[in-house]
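Here it is, the structure in full.
Here the chain labels run A, B and C in written order, and each chain numbers its own residues starting at 1.
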Amino acid sequence: MSTELFFVQLINGLQYGLLLFLIASGLTLVFGVMGILNLAHGSMYMVGAYLVWYFVAVTGSFTVSAILSAVIALGLGILIERVLIQRLYNRNHLDQVLLTIGMIFVFNSLQSILWGNDPYGVAVPEALSGSVPFTDNSSYPVYRIFAALICIAIAAALYFMVSKTRLGMLIRAGESNREMVEALGVNIKSLYTIVFAIGVMLAAISGIIAAPMRSIVPGMGESVLITCFVVVVIGGMGSIKGAFVGALLVGVISTFAAVLMPTMSNMVIYLFMILVLLVKPQGLFAK
Amino acid sequence: MIFEKRTERIVLAIFFVIALCIPLFLEDNSFFVGKVTTILILAVFVMSLDFLVGRVGLVTLGHALFYGLGGYLFVILTPEYEAVNFWVYAIYVMGISALVALVVGVVVLRTSGIYFIMITLAISQMVYYFFFDSLEFGGSDGLFIFMKPDTSIFGLSFLDLDNPSHFYYLSLLAVLITLVAIKIILRSRFGRIVEASRLNPERTEALGYNIFAFRLISYIIGSTLAAYAGLLFALQYGYVNPQFMTWEMSGTALVMSILGGMGTIYGAILGTITYEGLLYIFEHLSDDWMLFMGGSIILMVLLLRKGLAGYLEKLLEK
Amino acid sequence: MSRIKTLASAVLATTLTAGLSTSALAAAGDPVKIGIMLPFSGIYAQLGEAGRDGLKLALKEKASALHGSPVEFIELDTEAKPSRAPELASSLLNQHEADFVIGPVHSGVAMGMIKMLRGKDTIMIIPNAGSAAATGPLCAPNIFRTSFSSWQPSYPMGKVALDKGYKKVYAISWNYGMGRESLDAFEESFTAGGGEIVEKVLLPFPSTNFQSHVSDIAATNPDAVFTFFAGGGAIKFVKDYDAMGLRGKIPLLGSGFLTEGTLQAQGDAAEGVLTGLHYAEQLDVPKNREFREAFNTEYGHYPDIYAVQGYDAGQAIANTIGQLEGDISDKQAVISTMEKLTIDSPRGEFTFSRAHNPIQNIYLREVKDGVNVVQSVAAEALEDPARGCKL
């Protein structure tokens, strides 16, 4: 591999990693604060992609569609938390796993009923449809640069929110001491609702941003779910910073593996995760 | 009596009476006999998982690795066009699976909690992709088992595996043996230490027991039972496919076990029958069976706190 | 809500078949039982639905050929899961005693079905899965296919590439049966004519993370690229290829599934892609125009290749029953009648090879304004070599 191609692939890997971070961030946030392993997280990614496809077809504007879809996802998150998740806080973790598996079935079915099973694609928004020269005979699409920047912006916003704002303070306190937060007069119930809804919205936003780059097909949620798990486990469950580092590592490693040893590349990220856990059984940035 | 609870005795008595008679009533309908056979085999698999998750405290999302391995090992070990002895090769398959479980166990047991779930998932995915992407093992299309093994012991043959009813009783026997074996293990000194280390690991350790060793042995037992179930499943239709070891397969087994009542062992049988029964009904009812299936799972989590077994115990135990 | 069947009838049917199972000697007037084993959920659901709709349309149009026998459909969702395939096939064979079984889409499922149905009295008709084994080493008198073998759409593309003057080709696909067999078929004819495969990449199925490979193609700078991808993967590959600026610089060739049912989602990115397939929606054959209008009247949308393949499975059944004047009790007669049929397909007429795979034209198509436009017949009456088949 030439030096030039090495850097090209490095950029491809980082770009993929940033998207992975966005998908995984909601999963790790919800787990870190609420201790809930949401197996339906991938379904929320799927919902985001399908919603934006649907609204683009109706309104014709990607921006409007993206905002509408994100707001609907936020509402969906509140609804799910209030109606279902809330009933399981003082239950076994496995009951939560079971509940979210049930949700995967329901969302897959709703997708098929509402939008059918044809594969769909969303066109890149007009303003971002150009590309910049890259190597001798290839160019780099502006939208993918834009998507990477959005992922970085959201990562920064999440970091700011958790470490600098009052909501973040409550989140950090709630992680370590639920009773104390309640003693302070904060309604932990609303806090959990907000956090869960943000988690759902983050998954949906990643689906929205990915929509013009990927194909929108049934089962797309499950295909990202496991990769997301790998990302958050490598980084340390519950850690936003860990998810960021884990996502970039997974993105770069899987990109190089796919080019250098394509037939083995499926196994490589799992192997990497197992190695990380053997050295650090709680992931890289465990608390 | 190894079955302490009244509910347990009632459920198992009803189950075994019905199960023993099913082939007699359905003799002409080999599909139904086959369908129930598959459920029995799954029940063995789910019981082995229930033992690990509910009693040893090892929540694995990679149990299907051993289910799939049981079938693949058989295909790999046997010559293609020669009938081998079932019992001999069952022992080979279980022996090698136990060795694999030993190696995997040493790795995964270094972690705990959510990380244990994830590392078991990762290892099973790796093995899944190994078979899925391989050329030698049929890749994503899987492999056929061309010759059914023969089942004679010392020259005496009781079972013909090509006969659905015979295969059915072989599977029912596996259910019985697995159930009794797990129960005996749990009542033994070994079982009590394992349970103690789930409930209070620090204290058990302080008493001088090597928790790691106890967990490792339990992991090997559970995995070997799963491999036996997988061997039966592969032999039933003479076919193995990497999809047998996906995480969805592990997840489904976990759902069955939780539905039945985690850790009750006999609940695993209830959970398997209920899940498969619902699936069968919904699939024949509507194209949108997933909606009903998902809805039922959600309702059952909300309504049944300790699974079906827990609900029955509330009704029957006084 | 036509989708919902009543629970009562399902339970009733179950108890009836459980109680009194009789040997399936269907005389004229008895219903013709057609089992459908296709995916109606998951990533292949759209393919399954199209195949089923085509099948039902054919049997509706040809109702008169059935000599008064009503048709009973038994639909089972395979979810494209191989582990359930033998059980579902057993249900159709032993519980419902189906005369014909149509399925599947996925070749792993095909393996499970073949295991159960091979050599039995039920006729299995594959309306999609292209795996070489089904009409190769595993071929059997009662197994037919109305779609294609993976070899067929790709083999003629090697000659197409040579005719265009391409010497060095980069070949890329998924590492599974269909992908490997497609690339091998292309390589077979391309290298025989003096071409060189500069790189042959097999990606794990169903990964769609193609960007790094497109970068690799750019760095390799071949004369052309040959590929097999389908569905969501086809959309993603064509979009990545365009997004990275390779469209228009390095020609993209493929097995026809690269641009089947995906053009709307691919948009401009697919313009100029050259593919080979046994069908094209705008194919100028009277039967095709007729079929497309009939399908649209029935279902409110135009059919795709998968609907055509299902439709031809239906035609094969109806024509066989018609020639036997409604008596399908002798399965030997059913098989020998069916294998001699000439099917008047929307893709043009085809017959069955000794291995029961269609002998059919492969068309060279180019995407122009979002449509696969037929350029020429890349191979006329192409027969799969059926390697390993002893029929």
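The definition used in the following text is that a contact is a pair of C-beta atoms (placed from the backbone, for glycine too) under 8 Å apart; a residue touches a chain by one contact, two chains touch by 3 or more.
What you are looking at is a predicted structure, and each value in this text was computed from that prediction instead of being measured.
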Pairwise touch network: line, ring, star, complete, or other: complete
Per Cα centroids, the chain farthest from chain B: C
Inter-centroid spacing, chain C versus chain A (mean Cα positions, whole Å): 35
Distance from chain B to chain A - Cα centre to Cα centre, in angstrom: 33
Contacts with 2+ other chains: residues of chain C: 41, 175, 204
Residues of chain B whose C-beta touches two or more other chains: 129, 132-133, 288, 290
Touching two or more other chains - residue numbers and ranges from chain A: 108-109, 112, 263, 266
Contacting residues of chain A [partner chain C, same complex]: 2, 4-5, 8-9, 12-13, 15-16, 108-109, 112, 116-121, 123-124, 131, 134-141, 143-144, 213-220, 223, 254-256, 258-259, 262-263, 265-266
Contact set on chain B toward chain A in their complex: 53, 59, 107, 110-112, 114-115, 117-119, 121-123, 125-126, 129-130, 132-133, 247-248, 251, 254-255, 258-259, 262, 288, 290-291, 293-298, 301-302, 305
Complex contact set, residues of chain C against chain B: 3-5, 7, 10, 14, 17-18, 21, 40-41, 75-77, 81-83, 85-87, 90-91, 93-95, 107-108, 110-112, 115-116, 131, 133, 175-177, 204-205
Interfacial residue positions of chain B with respect to chain C in the complex: 26, 28-32, 34-35, 38, 129, 132-133, 138-142, 144, 236-239, 241, 243-244, 249, 281, 283-290
Chain A-facing residues of chain C, complex: 41-43, 45-46, 49, 175, 201-204, 206-209, 211-216, 218-219, 221, 231-236, 239-240, 243-246, 249-250, 261-262, 264-267
